[in-house]
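Each of the next two complexes has subunit A plus one other chain: subunit B in the first, subunit C in the second.
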Partner chain A sequence: MKKLLIIPLILLLTGCWNYRELNQLAITTGIAVDKENENYKITIMIANSKKGSGSDGSITPSAAVYEGKGKTIYEAFKDTSLSVSKQIYLSHIDVLVLSEEIAKNNLTDVIDFLFRYPQTRNNFYLVLAKAKKAGDILKITTPLETFPSQNLAKNLEITDKLQGFTYTVDFTDFTKSLVSEGINPILPSVTIIGNTIEGNKDENKEQSEPTTYLKLDMLGLFKGDKFVTWASPDESKGINIINNKIYILGVIIEKENKKIVTEITEMETSFKVENNKVKITVDTVGAIQEMNADLNLYDTKTIEKIQNADIEKIKEYINMAIDLAKKNKTDIFGFGNYVYKNNPKKWNEIKDKWDDEIFPNLEVEIEVNLRLQAKGSINNIVEVKE
Partner chain B sequence: MDQELDKIINHIKTINGNSTDINVRYFNIHNQKVAFMFLESVANDDKISNFLGKSLSISVRSKKNLFEDLFNHINNTIPNSKVKIINNYDDIFYHLASGFTCVFIDGYNKAITLETKALLDRSITEATSEPVLKGPKDCFIENILANMGLIRKRIKDPNLYFEETKVGRRTKTKVVIGYIKDIADEEKVNLLKQKLEKINIDGIIDSNYIKELLCNNQKSFLPRVISTERPDLVTMGILNGKIAIIVENTPYVLLLPTVFADFFKSTEDYYTKPFNASFTRILRYIAFFIAILIPAFYIAVTTFNMEMVPSTLLISFSIQRDSVPFPTIIEVLILVISYEILREADTRKPQIMGASISIVGALILGEAAVSAGIISPIVVIVISISAVAGMGFNDPDITNAIRIWRILFMLAACLFGIVGIVVLFIIFLTKLNSIEVLGTPYLAPLSPLSFKDFKNSLTRFPQQKIKTRPTYFNKKNIHRIGSDK
Partner chain C sequence: MKVTSSEYSYLTSFLIRSLFFGPAIYSILHFALQDGWISLIISFILSFIPLIIYYKLLNHNPHDNIVSINNKLGTLGKLINMLLILFIIFHAGLILWNLTNFIYSQFLFQTPLLVISIVLAISIFYVSIQNITTIARTGTVFFIISTILFFVAAFSLAGECDLNGLKPVLNSNFSSILKGSFASLGLNIFPIFIILIIPKNAIKNSNKLLSSFFKVYIFRFICMISVLIICISILGIELTNLYQYPEYHILKTINIANFFQRVESILSIQWIFEAVIAIALCIYYIKESITKTFNFKNKFNLINIISLISILIITKYIFPNNTIAESFYKNIYPFLTLIFFLIIPFLVLIVTKFKKNKY
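And now, the complex of A and B:
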């Protein structure tokens, strides 16, 4: 009996550490960081706001955006919470949007705060706001998803799968390439098309043609924790090919002003770095997706010609990417990391010279093996009768 | 016993307080006083008339051996009844109460008794609490002989032993243990007999009394003895080396030793295809754990471990909870307790009133409570899933265990989150593991691990593949298929 008495006593002793009711939390799904003068400006998107009530009394979630400023990220967050009636909860962040200015100057501060903060998970995506305020990105409503942050995260994911020139980077990937030897990070970017003020309104998502929307843009290259430059779409394709991040890639070749589009569906890239020389091998499979040149695809020679042209094009993408990286002296591909992993002793000798001397002068050898697997559902060009 | 007839009759009447159902008829056979005594309430009139007619037609050669002559005469002319000679008062009253008629002859200190029992039992009907879709439909009744018969007619092996003891100082209830001599473990049989002998209680009304008295240590809340109304289940058990306890006046036969896995089996498993049976068995395990864990998991995940929930789901949980004024644990407890009350009401009320209960229940627990903002829709869903999962078990003992553990897990979750659930789960497993029923570990064949027995435990293999009986009940004659060695 005495033992049983312990149970109610234990109940009295506990303070229910970490106990929170769900409706006391402001579930934040997106964070944007801007720099205004000397202050950080934090914009958070809270997902569980109740403002969108359905006609039948059912409540549909919708987003609410709050801002706060402070000299440190911590202060900025505390400033934000002054205007929020709930506890800001950061476990379910989908995206972190960074302005160009932050990317150029104070990236480490943001990364440090989020890394140190115990609540955050490491699987949210990082994205740069190109030529716009990062905070505005989170405010643009969209008819396709409930929240702007969700929209952005899903857009990044799906474009990564279906196109060759963007690239999703989550917090783990980013910090990994930030702290690893011989590799520099890349981030995708997003921009606003249309009027930002119009995009804030609910009407924006009720129109069948939203006046304002978000569009994914080029990749941003970093040197260490500093943003250096943007890559064009073709350069971005090259970066993704070398980094083995291609799920689908459209290769467009021109022949006598006619275009042939080959879609790459499988691509396996590997590289080797030896004696200041890098050898890149690409094994790939593709299929013709669009053609307006009158070519006889029954002829294996024609196929071979297209194949060779495609290979040249892929090499061109790769070369463009490498040239861009060399020009900016940032090893975004991890060639140095390859040396570090395979020959740590050598890396210790050359690592100080790598970025400025060795990497820009690397000799590059590219080998592309392409197999055109299919011609689509029809063989030749569609012939219109006279 | 006395010799004088009047004294005997008076004595019996006095020890029973001159109860109204005592009936005595006096006759003279060869000028010797003879008395027939029976209890009207339990004896059959036709049988008594027949008996009287036959015994009065006796032609006695000498007056000296009247008792022996009458005994032989009755023995020879009324072949289908039990005839006995008794010479003490205790036995006489036991027999009278069991529906026997006693014959006393003046000058003899013994009595002849003859079975004239009235049929006070219902006939064998269809099993109601453990129905099967396709399979034997008969079920045990209140008559112990009929119950033994239902088992005996299924096992015609002479090694099927029925051993009787009487339990209960006043009710003197017959308790029969049935087992197959060369399969059941002798130690277990002896242990059970000892336990039965130790029982000291005034009356046994139902087999559940025996069940409770045998397993006095009930800290895990989980049942340790199967109680069933299905003769086919008892037969299967006995063939597997279990011991059946058949109690007079009870349509439920006890089977032991029992392991945890037995509660996830149904006789139906053996009447359908093995694959289907395995599938439903695994489903029952899943249902059991859903039933005890789901409400706790919901509480933990919404008050401590929100990181575990996908964003979209968490946001929807949060929106639904927004208008609810109570903490999650109170909200869940309100619903769980009203569900339990509803279930209790439904069980106790006659069937005719069932419809009104379900209407009120569905309205109050479902629609109204949600739209009044007392509970959130997701909690209704969680509790319903848990309740439905718990309904898969028809043994009330296991249903009760589920509801107690469900609430315990909920409390653990609201105090410590997932950590609390995990710790309580470890305690739960420890409890299960520490139970032994007549020396059989409760978690067998899982602990101690015996892969051979998995064929007929978690899954059910085809009959020809299950070559042995469960090895945790007995060690001898374990071959089901192929000859016993």
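And now, the complex of A and C:
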């Protein structure tokens, strides 16, 4: 009996039954969703398409983009698969690009489909297509990465680490802020610089100066599942400061029409909400990164002045962000979430009027502590002899 | 054929965990929300009531397992044994349904449920036809693997936990927290009853049983509380409640240095191990119970085959959809386990004590 059992076990448990080889799958690395009339338009980027040969005769992998339309996301995917000879496989998505229209009206349809679909992994990045079709974003070729979707995902990661005005939002982060109490989501955006049609061509990636390329843009603010507005770069910096999402931030101040740049390398933000008043505390460390003004950096008073000016600038970023959020009545910072977590009874009383009445009238107190600890590799400004 | 006290404790831990991933987490969190971990602590405290009853039954007569104890009650005892056999077949069916549903919904969504259950059933059958010593040793190996996998998952996810996610603490009302505790008792604790099929004299070093049992028991509870805390602190209670198997989805977020990632399938194998051993134990119970109650000889492993076919039929037809399953696990099943795994054994204990004192 025991020996007989081994036969079905060998057949069934080794995974030989109903298997799918890699070359039978269309590994999708990017999805873009647009709305055309009443239909959803899905654009998918397939990574494991037939390899092409490079100019030196070498074999290079190439990406293929397919489109499909349908009244539902499901239908649009099925329509896409009509033109693909392999089974569409969604486990390796790097990025999901959403058009402005989808972000304004139909976001939950897209979210629901991807949430429900067992193959997706929920760690891909979400990005908004600013003033362009989402599908076009996936078509722009680039000399730096093989696949546009990979280029976009890596660009988001790198910019997140090196600049303060954008940050990566993955599917879990986004849906978490979508379903949590007292917080609204935000998403980074991307746009196309140059001619979209030229950017689709292979020649675009072979040029030393590509005529068309993707560029990360400002943060998009949501109220619930509806996109409401764009933030400017400075407002985006403020949003990221309050949300504690800053890795590196360049603070630019002006002294006698000359510019001084301080690079913030450590930043820790916390806030407290009590009696309709928010107290934001920012503890930060930075170093002078660029100096165009004629100042004596040996003098501690000069350092103090720069430090104070930086503090004022950081406060300005924060105030700009708060003003934008208040104006659009969307709590993207999670002040309401703070109230919910620390005083749930009060939250239950005020949650219905939080976004529209209480949040726009919150009193804000900002405290910034900056330690300007370095001046780069040199001690003073570069003085040129006359 | 004897099992050691450690092996006995490990087997118990599989019965505790067999319905934890999926039904218990779902039920606890739906009642108690982010206070689910408090529900688990309360259920740990309350669990000493059934544990004392089970311990008394185990010590009643070292030679007797629960079936023999029931048989001594005459016709009523035989009737109780029959009821328990039917209920344990049902319980095993529910464990297999949960495992099948997990595999179907997360991995093999294009494969028929029955095919998945049959593949699992073959492995379970292979385990179940072994004697209890072999099952116990297999359980020990599985316990070690499960523990290692649990620690790998817990340490990998520790950095992502934000304990702020557990706030607001005690936001749910006390009755909801208690409902969560009851769900945990019904789905995790009362099924420990099945281990009473192993009589005390079949345990090698039974004097060490209590200490060994409580070490494993406390460890398992800490693991279960950790799972809830990790899920809520990473996903937040809203997302945790939205996912069908949140404990599997948080495994998807593991990414250490862009190197250690996409490990959720390997780490989730612990749940398959737990379910396989728990169902094998259920079949062992059924086999022992039928042979002892009806003096039936288990030729060609006929009892195992029939039990497994019954379990498969239950798995196939019990729930038309998983919405009904969720409601059943949450609202009905804890009451059924309370009746069959606690009230009936408690009455048996009282009657046997009464009879013992009488003679």
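Convention: the second predicted complex is superposed on the first by the 364 of 386 C-alpha atoms of A that agree within 3 Å, B and C clash if a C-alpha of one lies under 4 Å from a C-alpha of the other, contacts with A are read in each partner's own complex, and residues count from 1 in each chain.
Keep in mind that, in the parts below, a residue touches a chain if its C-beta (ideal position, glycine included) is under 8 Å from a C-beta of that chain, and two chains touch if they have at least 3 such contacts.
This one's a predicted model, so the numbers in the text were calculated from it and none came from an experiment.
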Next on the checklist: In the overlaid three-chain picture, which partner chain does A:Leu4 touch, first (subunit B) or second (subunit C), both, or neither?
Outcome noted: neither
Next on the checklist: I'd like to know which partner A:Val179 touches here: subunit B for first, subunit C for second, both or neither.
Outcome noted: second
Next on the checklist: With both complexes overlaid on chain A, does A:Leu22 touch subunit B (first), subunit C (second), both or neither?
Outcome noted: first
Next on the checklist: I'd like to know which partner A:Leu82 touches here: subunit B for first, subunit C for second, both or neither.
Outcome noted: neither
Checklist entry - Which holds for A:Lys341: it touches subunit B only (first), subunit C only (second), both, or neither? => result second
Checklist entry - Is A:Val384 contacted by the first partner subunit B, the second partner subunit C, both or neither? => result neither
Next on the checklist: Output check: A:Arg121 vs subunit B and subunit C. Expected answer is one of first, second, both, neither. What do you get?
Outcome noted: both
Checklist entry - Do subunit B and subunit C touch any of the same residues on subunit A, and if so, which? => result 18, 121
Next on the checklist: For the complex, give me every residue of subunit B touching subunit A.
Outcome noted: 302-304, 306-307, 311-312, 314-322, 324, 327-328, 371, 414-417
Checklist entry - Of all residues in subunit C, which touch subunit A in the complex? => result 105-107, 109, 111, 118-119, 122-123, 125-126, 129, 164, 167-168, 171, 235-236, 238-239, 242, 249, 252-253, 255, 262, 300-301
Item to check | Parts of subunit A lying in touch with subunit B, wherever the complex brings them together | outcome: 11, 14, 16, 18-23, 25, 27, 29, 47-48, 50, 57, 59-61, 89, 91-92, 94, 119, 121, 150
Checklist entry - Within the complex, which stretch of subunit A touches subunit C? => result 1-2, 5, 8-9, 12-13, 18, 115, 118, 121-123, 172, 175-176, 179-181, 340-344
